[in-house]
């Protein structure tokens, strides 16, 4: 990467001429097409580095874990949008992605920033992990109620995706500082909030991906990419078996007018 | 799939309860996470079937071929949008996808519909492939100038991605009726338009994918998914080395005011 | 306007320097702010001309007629999007606008193009208006079932907005060729489709606006502008009295899983 | 408005039956169409109250002041998007709005929140306005450099729109606590930051609108509505005199590849 001021007009991602396309310093046709799976190429695009076997395995695993969870709000919005504007599939995908915000899909990013902050504090202070966890939860709860990565409205006994991802991370030996901190935070919950909570999928995903070297700034991109895949599945079904207007009718029917 | 009228309120994609998530009839945690690569899971989400080895290989190959081609208009729009609204990465991705329309990324879909129509005609008429190709090009050019899948503004001597994908399809024995029709259309071009043209990437992608059984209705979804990956690469770079406002300044500077 | 090829890099809308902003040849501060109502300024922005009194009156009237009709699909999608991504109001507005497509809000544009085509035919052929109407309906129904501008799922006895706008147009003497053609089309319906249908709001709006000189290419912009106003009303309410997740729950609850 | 918990499934904006449409307790056809200008209707939609003459005058004035400022990033993004996806005008408008974020159009909202906070502090403390201004600037600059509402990259000697809006507010006697606080903040700048700065358009707009009773939560909606009008002007021009691809070419041409 060049050293220089922020506004230097450079990109390090891609260039092309009449005969070839160069991506991250590699020839797209010689080195990538037919040799990379798409997730590994996504790792290269985002980080500039080729993933190792574990990085590739877990990026695929978390993309599969988050891509689809039924008729969540973003899917509902996307299918309604396609019903109303079938000429533009890209518009329906965009409408769905616009609902992947801080409340719904942003939790993994928020959790990742919090765990990263806890790990940074632990490295700087040298304090024991469980002490840091207790201290950071107290700080966090001074401004926000829910500690990110724990509890799930539907999977109240534990999110099966979260448990599986942690098991895989332990088995393959990739669990590191961020996973350890996530577990210390979980262990500190009963004292801090009065009850234990299971991890949800937004805990292990950032913890494992940060331990594997995925950039914090690109955590949200994982959810956005795989949800795009889920949305395209739903929009293909919507084109064949439409339910968009049935759903908007049911939504409107649940609300009453109370204007004067 | 259920038989029933179009508006039957059903989805066949996903359901969940407190303990498990079921996708396309499979248990997400037992059967998919850690076992599927993301592209193969995308195939399952869209079609309801698990891909075979060739289907998975070529879906990965075309996703890699289309994900990134430098500072194309949708990437420029997305990076400007992030510069102006850094609080919402999802908005910048959405802005980029909205530029994946009929002119820019829609060509693969348009080509796919045309090749599918040609193959359908050939099956119905029993005419020779090259005769059908000549007839359908004449019909097509009655309303539209460019025959989709041929010629490229930059790669005028041939698009290296297109040539590689065709070579791989031939080597692995997956080239079928749609690839044959695409080649017959290409062979008919000199007589029809007065000159030969090389295939571009939007010819082999739909031809190969249709030969492999990918649904016509989901052709556009391939481009939308992989461009999302490319956009996230660019937006991660934009957050670290911003060029969005430099680019919007250069864009505005290229235009003069000629109002009265 | 300059004469020149399409890609001449000019804009006639706005330029500015350190002291002033010039819009459509007028000084924004001297000539517009405090002197124009916003709708009249919108007319100037789109057409380059200041509206006369009738043009301004009816643009305001149709913007008011179309801005709000309760929890229609685009409003439902926008409110769900704000609930999921409260950090980006612009994203929720965008999600709502993406559902203003060919099926939902595009009818006014489709009707406008059809009426314009009928009027052009009538001018060229010199045939009687009712003869043209019968001929064009027959042509139209060769490819599309519903004749645009007539019938409404809810307002089956007549759309009160449509009737009022026509009454105002007649009273103020602005009804011209397009309104006459719309009425001739309506009169021809019983013979053509076997029953009479009332006009809906998407008939008079394009007919009156085209009679007043509004450009065909900007018809869709009327709906997009005023729906933005309606969306902002709903999103302000959503921020205070949220119903987005209640609606997405009701929508999902209306659908059953029928995967294998 | 109903008293009740947040998630009560009610809306106070609109209801309709076969014969009529009721908006904010008024009959759309009897009371609004042909009687309200669109800006006044927008005030009613957002607040539930009809505007008085000053409220209507200034809402129109600020909508005109903000609608258009040439080829700003959101306009550039929207025109590129239409060039690439001409089938969906709504997508191009959406892409433009997605760039109306915290950096570009959000300043009016940020300034409004800051001025509102200053006025709240002044009311609570009873301290003199200039003392509160000095104190709040010091607090603000502990976390953010630029004080919102002052300075402009292009209009360095003063933003003509800002000066005009303030003059109109003084003349019509609507300047109140928020305008006074904005002026006190401006007066405190030389001591706080070492130099005087002129007000820009994002100072008076929130100050005047808050003094007139416009809700803080809907400040951003003003910019989003009027920019939609500006975008539609540009997109109508783009359809006739395209510059979208010229601009994306110029943008990409300003950037070099520096990957390894």
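For clarity, chains are labelled A, B, C and D in written order, and residue numbers in each chain start from 1.
Everything below uses one rule, namely that contacts are C-beta pairs under 8 Å (C-beta built on N, C-alpha and C of every residue); 3 or more make two chains touch, one makes a residue touch a chain.
The structure presented is a predicted model; accordingly, all values stated were derived computationally and were not measured.
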By label order, what chains touch subunit B and subunit C together?
A, D
Using mean CA coordinates as chain centres, what's the subunit A-subunit D distance in Å?
32
Where the centres are mean C-alpha positions, what is the separation of subunit A from subunit C, in Å?
38
Can you compute the centre-to-centre distance for subunit C and subunit D, using the mean CA position of each chain? Integer Å is fine.
24
Check: subunit C positions touching at least 2 other chains come out as 1, 9-15, 70-71, 85, 87-88, 90-91, 94-95, 98-101, 105, 243, 245-246, 254-255, 257
Among line, ring, star, complete and other, the chain touch graph is complete
Please name which positions on subunit A make contact with subunit B in the complex.
1, 6-21, 23, 28-29, 32-34, 36-39, 41-42, 45-46, 57, 59-61, 63-65, 67-71, 88-91, 93-95, 97-101, 105, 154-157, 160-161, 164-165, 168, 215, 217-218, 220-221, 224-226, 228-230, 232-237, 239-243, 245-246
Could you list, by residue number, the parts of subunit A that touch subunit C in their complex?
70-74, 76-77, 80-81, 83-88, 91-92, 94-95, 98-106, 243-255, 257
In the complex formed with subunit B, which residues of subunit C make contact?
1-2, 9-15, 22, 24-25, 48, 85, 87-88, 90-91, 94, 254-260
